[in-house]
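Both of the next two complexes hold subunit A, though its partner changes from subunit B to subunit C.
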Partner chain A sequence: MTFARRLGVVPSALVLLAAMAAAFAPALFSAADPLRGDLTERLLPPGAAHLFGTDELGRDVFARVVHGSAPSLQAAVIAVGIAVLAGSTIGLVAGTARGWLDDLVMRGVEVLLAVPSFLLILVIVAVLGPGTREVAVAVGVSAAAVFSRIMRAEVIRVRGSGYVEAAAVCGTGRPTVLLTHVLPNAAGPLTALATLELGNAILTVAAVSFLGFGAPPPAPEWGSLIAAGRPFLASAWWLTTVPGLVIVAVVLAVNHLGHVLRTRSERR
Partner chain B sequence: MTRFVARRLTQAVAVVLTAYTLTFAAFNVLPADPVRIMMGPENGGDEARVAALRAEYGLDRPAVERYLDGLLDTLRGDFGTSFQTGRNVGATIAEAAPRTLALAGGALLVALPLGFLIAWSAAHTRHMWLRRLLGALPGLSLSVPTFWLGLVLLQAFSFGLPLFPARAEDGLAGLVLPAVTLAVPSSAFVAQVLLERLTVEMRQPYVDTARAKGASRARAVTAHALRNAAMPALTMIALLAGWLVSGSVVVETVFARNGLGRLIESAVTTRDLPMLQGLVVVATAVVTLLTLAVDMAHPLVDPRLRERAA
Partner chain C sequence: MTPLLAVRGLTVRYGPSGRGRPAVDRADLTVEAGQIVAVVGESGSGKSTLAHALAGLLPDTARVTGGGVTFGGERVDGLRERAWRRLRGRRIAFVPQDPGTALNPLMTVRAQLAEALRLTGIPRPGEAAFEDALGRVGIPDPAAVLDRHPHQLSGGFRQRVLLGMALAGRPALLIADEPTSALDTTVQKTVLDLIQKVAARDGTSILLITHDLGVAADRADRVAVMSEGRVVEEGPAGRVLCSPEAAYTRLLLDSAPRPLTGPAPTVGDPLLAVHDLRKVYPGGTVAVEGASFTLDRAGTLGLVGASGSGKSTIARMITGLVEPTGGSVLLDGAPVGAGRVQFVAQNPYASLDPLMSVGRIIAEPLRALRAGTRAERRERVRRLLEDVALPSEVVRRRPSALSGGQRQRVAIARALAPSPDLIVLDEPVSALDAVTQAQILALLRRLQDKHGMAYLLISHDLAVVAAAAGRLAVMRDGRIIESGPTAGVLAGPEAPFTRELLAAVPGGPPVGRTSA
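For the complex of A and B:
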């Protein structure tokens, strides 16, 4: 890893820390109410009083972005959690069982991968109905397929290695081998992939919310926040541009950390 | 070879039919119920309306019967009737497809050369800073929400500098901004895969051999490394197609263009299940057939595979 890359970890971690703090304690960042505005302060450009300006109802955009980070990031984290758990379980089962079960499961995964992911997410949203949690589940299910593939490959790779054979010769049971040898080995690549997937999940959750399938209107969510600014593209640029920049900063930070993790796990 | 093609075609058909089965299951197997999905969680209580709708769309027949009928119809290319418009799903998709194909084609026209250029220059340059800069570009573009990029472009080049129409359905001028929006992440995708392969290939001994025999660095990249990097890069074409379908949903919404993406979005909004099912089958079929086509094309690119097949 180059020095510059290691240096980049610090700002990325700071951005991520700030985003997490905003999600858990929004009051730390902004005292303004994200839902109620002052109509005399409609559509003010960014300034000292309102860092990101105000929207058409006089609501503080910075407050809305800060309060929007909780649902947006939560949905992304839940999605990745579902993807990791479901995906690695499927991969673990398929890789351990082999034979017809492996064939069947992996064919199913292949089908999931053949459906364009965003279409798959929207189909699930159509079944579950709109809402932050529903979107999280949909994004998680669509990402699970990739994790199951990685996990299965890891299981098969580790199973073929000498120390697993040695463990088997020593009389170690299959579950113990899985827990003590396969899982720790798979943890590296899985964490790296999960971090990279988190950046993706933030983008996808925002896109689904932008289309209007996230939380219903007054609640601030990063995607719907930007969608709400669409009618004012020509007059109030800050309504769409500034929240988008926040998303870009957070995703860049997450992806950067993901790449660092991946390089590290590949070098091992 | 013929046997290989036949086997792969059967597999492709199986994948598409499984996609059909999975969507059918998602819409029909407990606790899902097509009528209740259609009516939405907010007004599902009206039992008389539920029964009326069920009879109207033939949903009162047993699920197994509907599944088998639908499967046969799908095999014949008939995707049924839209709940929302009452029109044939296949015809509606066929009508919307050309607009999205134009958008995707426009995006590829920008993305392929751009991605190729970025990867090629990064592999060719000997300036470390330039290589690092070019190598960082794809990651940067992939961190930008596509819908936001579209809005920013609209703001800058339609409202700021009135170069392109904000809402032009037809004509080339209206296609530029949407195509560029879709092209940015696509080119990043192309550049990333190609550069990764090129970096590996440039370290191979055959590149040193070519250089030692007097080939320029540009020639070593173009004629030697690129040929070997091309095959893994080709594999991503099917992925790219799936990605373009996904991206078109957002881009067509931002630029108010009618097309497949808009069709997907409105089918989800109105919970038009036959339409969604038809869209899933068509999209999956396209991605699967492209994967198949790319696999078939491998021997054309790689002579080693040709020899093995012969």
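For the complex of A and C:
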């Protein structure tokens, strides 16, 4: 590992730790109410009293960012969870069954991949209705196709390996082989992809909520915070820039840690 | 007269800033003009690193930290890449180990040969130059080979093309790094014959890197034995192999497989009966055609043949991994039952799950058969580890922490676990070093004496089979062409192919060595 990359581990871990703490215990960071503002303190720039400034209703932006981290991160984690579970199940079935079932399932997956993912998400959200959980489901479904392909490839690779053959000669049944040999050995690339996908999901969730499909106002969410600050771009830059920077920092931290973990597991 | 190549105290280390353990440690070596010098050693002994250092092909992670190399009287260690390029292909040629990967799969033989010929100063080689280069390495119809891609050629022909490329510039020195270890014995013989012939004709010196003492004994004028980066012994081939001085050379010599002695096994109680077994793969490839044989209880049958002769397919059909197209496999007159036939595969690096502990791997057949309680299984694993002479603390280790020989012992322990009647050994030692190979073969014999199971031993190496099997069957193109007691077949082979196989064993046919 290069020195620069090792240097980034501690700040990345700190950023991620802070984001998680904000999601679980927002009161720890900000005592201010994220929903209620003081109209006498409208559009104040960042300062000692209001770390990230205030918005057009006098609400503390720092408090809103902190309270917005829970729904934003939750949606991303749920999305990745859905993608991993659904994708790997599909891939496992396709890779184990082979034959016509494999063909059928994988053609379906290819159709999913062929549709631009953002379009797919918007369609699903349009069907399910707006809301944090609905966005999470939509993002998860759109990412599942990639996981299913990786899982299928891994299953086929591991099934052809010497130790699976040895297990078959030992008399180990197929379900046991799948559980004890195939799944653990296929898990490596899948977890690597999941860490990569988490950063992606945070971005996508923010983007969808920016378009107004996330939690309805006045509940804070990172994407909708940026959207709400847009009319004041010229006069109050901090309303858009600060939540944007927070998203960038968290995504970078997740990707960086994911990369470090990945290279470390590859070296093993 | 100055020697063509002189290596004095050469030390090569890997790792950043060259501080790692030396891969080559103060090596001395001399190659006179026209001589064949063999460097013998196990994998990891540093012989490949030495070969690469002498060709200026060390990877970026390695560097020469001591000693020097002179070639034709000039220092060549520490040369820059540009200077090396002037030497390589013209004065020094290099033949790599694996002909399967050393040729560019997307280029025809002609295009790759043209590259080599351009190096030697023929900017636009004509048809005659191409045909001459291939004709020199014994390719009978060069015109037919020139426009093929590597995948259309057999391993032996690929190695000849590589050799033709290497020799195109009439180099003074040819460095051959295990040129035949990826080839069958019969092909190995033709390639080595060729190298020897070219050397004699053109006066090319040859540095032959090999793990096989037999190859060195057959071909080399001088032999250098390497172990752990050091040249432990160097001298004329006859002297080193007949009266070795270094303890390690003696160990290597003792590890060469020796044929079983004693009376031929009496025909006993048949355990396995294979009758008219056929396998046709989808697409019409006939892998096995009408194979029949029997195997006695507690006996060993050796199945020999070149790669592609169908011997592995037979192993797979007996272990139930592949469904036969026709014929029958009967164990004690009945279809093979669960756990009664076990399998040890060729590659111990692939046959053990990298994520499982050794204890779990060995207990796998027991779990599959639901034999015993957890405590009983643990006790059984402990005894199996004792059987295969592994220390009990490896139970918790992962396969990656074990050497190749230790891994193969684990695979054997796993096969032993359900007390099978028959163990199918598919090339059990071909991925292992000579010394480890001898240890594993001895272990297999000891286990058979103790537990009384039968072995079906599959190998391309006649010497290995002769050292372990009482009976022998020779396969070619999916058919068994000859079978009988090993000593009988070796003494009086009937089929021409068996004779060819016997003649190709490096170091002489195995029968001639019983008294050595």
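FYI, the second predicted complex is superposed on the first by the 264 of 268 C-alpha atoms of A that agree within 3 Å, B and C clash if a C-alpha of one lies under 4 Å from a C-alpha of the other, contacts with A are read in each partner's own complex, and residues count from 1 in each chain.
By definition in this document, a residue touches a chain if its C-beta (ideal position, glycine included) is under 8 Å from a C-beta of that chain, and two chains touch if they have at least 3 such contacts.
Predicted model, so just to flag it, every value in this text is computed and none were measured.
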Looking at the superposed three-chain arrangement on subunit A, would you call subunit B and subunit C a clash or a fit?
fit
By the touch definition at the top of the document, which applies to A:G212: first (subunit B), second (subunit C), both, or neither?
first
Comparison of subunit B and subunit C by subunit A residues contacted
B
Looking at A:T89 after the superposition, I want to know if it touches subunit B, subunit C, both of them or none. Which is it: first, second, both, neither?
neither
Please indicate which partner A:Q74 is in contact with in the superposed arrangement: first for subunit B, second for subunit C, both, or neither.
neither
After the superposition on A, what does A:R107 contact: first (subunit B), second (subunit C), both or neither?
first
For A:A168 in the superposed arrangement: first (subunit B), second (subunit C), both or neither?
second
For A:V125, decide between first (touching subunit B), second (touching subunit C), both and neither.
first
Name the contact category of A:T191: first (subunit B only), second (subunit C only), both, or neither.
neither
Contacts for A:T176 in the overlay, against subunit B (first) and subunit C (second): which applies, first, second, both or neither?
second
Between subunit B and subunit C, what minimal C-alpha to C-alpha distance in angstrom results from the superposition?
6
In subunit A, both subunit B and subunit C touch residues none
Subunit A residues within the subunit B interface of the complex
4, 107-108, 110-112, 114-120, 122-127, 129, 199, 203, 206-207, 210-213, 223, 226, 229-230, 233-234, 237, 240-241, 244, 247-248, 251-252, 255-256, 259
Quick check on the complex: what are the subunit A residues that touch subunit C?
161-163, 165-173, 176, 180-181, 184-185, 268
For subunit C, which residues are in contact with subunit A within the complex?
319-321, 338-339, 341-343, 345, 347, 350-356, 361, 364-365, 367-369, 400, 411, 414, 418
Could you please specify the touching residues of subunit B with respect to subunit A in the complex?
14-15, 18-19, 22-23, 26-27, 32, 37, 40-41, 132, 139-140, 142-148, 151-152, 154-155, 159, 166, 242-243, 245-247, 249-250, 253, 264-265, 267-269, 271, 273, 276, 279-280, 283-284, 287-288, 291
